[in-house]
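Chain IDs A, B, C, D, E and F follow the sequence of writing; residue 1 opens each chain.
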Amino acid sequence: METKKIEEFRESRERLNQIVMKYAGLGIKRFFNLDTQVYQEGALPKKTKELLGLVASLVLRCDDCISYHLIRCYEEKVNDDELEEVLAIGLIVGGSITIPHLRRALEGWEELKQLSEK
Amino acid sequence: METKKIEEFRESRERLNQIVMKYAGLGIKRFFNLDTQVYQEGALPKKTKELLGLVASLVLRCDDCISYHLIRCYEEKVNDDELEEVLAIGLIVGGSITIPHLRRALEGWEELKQLSEK
Amino acid sequence: METKKIEEFRESRERLNQIVMKYAGLGIKRFFNLDTQVYQEGALPKKTKELLGLVASLVLRCDDCISYHLIRCYEEKVNDDELEEVLAIGLIVGGSITIPHLRRALEGWEELKQLSEK
Amino acid sequence: METKKIEEFRESRERLNQIVMKYAGLGIKRFFNLDTQVYQEGALPKKTKELLGLVASLVLRCDDCISYHLIRCYEEKVNDDELEEVLAIGLIVGGSITIPHLRRALEGWEELKQLSEK
Amino acid sequence: METKKIEEFRESRERLNQIVMKYAGLGIKRFFNLDTQVYQEGALPKKTKELLGLVASLVLRCDDCISYHLIRCYEEKVNDDELEEVLAIGLIVGGSITIPHLRRALEGWEELKQLSEK
Amino acid sequence: METKKIEEFRESRERLNQIVMKYAGLGIKRFFNLDTQVYQEGALPKKTKELLGLVASLVLRCDDCISYHLIRCYEEKVNDDELEEVLAIGLIVGGSITIPHLRRALEGWEELKQLSEK
């Protein structure tokens, strides 16, 4: 049973972020900070915000963004039924063109559950 | 003070949906049903689902879809701070290209508040 | 009964194309020529090619492109059932975010039928 | 001579669809059914509908969706000239940003032809 | 001779930005600041950066964003030939789906030239 | 230290372009020619045009297109600061959804610099 994709994503993201920070000027650095801030607890709980990040990533069809928000959703204790409802909304809004990403999202979700059982 | 855009949207949507239903075969009709079902109360509350619909519509930059979910968010008692946080996430995910839609979204939100005060 | 949108589109397209040609260098001119050539009769009939142009315009959500291909589909004797099936495929592929464009497409189709009855 | 990508796609799609069905609620299941129904024979023949699915997938730049519709086009006896004309329309509508997908589409088409010669 | 669209855009943008700032929290405010900063003179001149903003807006097909960068390009003394080359690149990259936006871009450019002659 | 991705991209692009030319009719061939012509020296220098191609590729999120324009930018002596400013504009315009592509773009840039040091 393979659980590699999520771990590979984490390693690759870490490594490449170091390259980004090597080149980043103020503009890119500030954007990266903002990108962290908007998901902090506020009027809406962190969990809801991660669901928002996930559905936005699905309809825009970005696998890495989906993987990132899946990991965060898992940390925020999103359950299977909640995840399915978010993905269903993304599927209806974004159409069949999102299906390959939906497939990989659920494959990633399986990996996350297997990783945490170890 | 103008409060026309939301009302014009509601009237136009109603009128055009009648044209759609005149032509719609099973495929289109079933899709429209599905599009209603996925926003029903479930593991996630209706309010959260409307926020998901809103952020998806913002990052995909569809004014009519934004107007529809804004109306529904208003009905589900989303408050100003919650709305701002959803729009901020959409803005960061989708970039400055979403700004014209964010502007019109908040204009629509003002209209909704004025309409309900009448 | 209003049948203005299609006629307004035709007039506006004509007027703006003149502005484009005033500024166009070789690159833009050649692209415009190519854009005409790919819809000519070939291994596939013109009618099929217009259906392809229509579904591509719907999933990319471009109202002017949809209006243009609707006019051409009407000239190529596409019937209501064929149109509905093309729009249903576009809707399933592109998702609910295409619905506002699907509504306006069918409104335009009604106008085309009314115009030709005059 | 490698003919692996299409077969890998088929295997992966099969495997991941099982994961999807494990999690899918009514919404996702109904969408998947609809996604099959709209490509059935109707006022338009199945072959034309697969060409529509292909061009929509190309302009939306989804490799897996392209692979799926290529396989179906091949089953429906689309010939090389017809395929070229569909891809040319997708390229003109969607621009040079579709070129990487057009390249992989034709690579996949070559594989399909080689697989059937075996 | 009508020169209204650019002026209407400026008025509307101003008015709606006031609504945005009424609702904006730190996230949205910081994003708006960043959106100004990245177009400032740096290793690349302001004029080049506005051309970059323009081509990005064209391929993403955002009329308001195009209008904004056209105004800025005009202020930075971009000439007709330079503009044509930027639009040609956007057209080739983004495809025929950008044509309606290219038409309106050149209509706006005509207006800018007429406004400055008054 | 791995410098494979850029070289793999070059090899794959070359190989697949041969398949494309095997199938290409006049439409696809003319488009490919146009795609070369619009980046030639003109009112704007080649270097500026490659920056335009790069930012368009980033906001449209096409890794292969980004790799191609990065190679060309490197040949046109774009320096690190100029590259960073182009990517920052693409990031602000296109949002966090472009971050995975920005990461891979800078990884590719590192590879290009290492390749030329050999």
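Criterion: contacts are C-beta pairs under 8 Å (C-beta built on N, C-alpha and C of every residue); 3 or more make two chains touch, one makes a residue touch a chain.
Only a predicted model underlies this, so the values are computations on that prediction, with no experimental measurement involved.
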Self-check item: Any chain in contact with chain C as well as chain D
Solution: A, B, E, F
Self-check item: Farthest-lying chain, centroid of Cα atoms versus that of chain F
Solution: B
Practice problem: Taking each chain's centre as the mean of its C-alpha atoms, give the chain farthest from chain C. | Solution: A
Quiz item: Over half shared or under half: which fits the residue numbers at the contact of copies chain A and chain E, same or different?
Solution: same
Exercise. Provide the C-alpha centroid distance between chain B and chain C, rounded to the nearest whole angstrom.
Key: 27
Self-check item: Where chain A and chain B are represented by their mean Cα positions, the distance between them in whole Å
Solution: 24
Quiz item: In angstrom, rounded to a whole number, how far apart do the mean CA points of chain B and chain F lie?
Solution: 37
Quiz item: Counting only residues that touch at least 2 other chains, which ones in chain A make the list?
Solution: 27, 31, 34-35, 38, 56-57, 59-60, 65, 81, 84-85, 88, 91-94, 96-97
Quiz item: Touching chain D in the complex: which residues of chain E?
Solution: 59, 91-98
Practice problem: Under the touch definition given earlier, write down the residues of chain F that touch chain E in their complex. | Solution: 34-35, 38-39, 42-44, 48-49, 51-53, 55-57, 59-60, 65, 79, 81-82, 84-86, 88-90, 92-94
Exercise. Report the residues of chain D in contact with chain A in the complex, numbered from low to high.
Key: 13, 16-17, 19-20, 22-25, 27-28, 31, 35, 56-57, 60, 62-65
Self-check item: chain B-touching residues of chain D, taken from the complex the two chains share
Solution: 26-27, 30-31, 34, 37-38
Quiz prompt | Residues of chain A that touch chain D when the two form their complex | solution = 61, 80-81, 83-85, 87-88, 91-92, 96-97, 99-100, 102-104, 106-107, 109-110
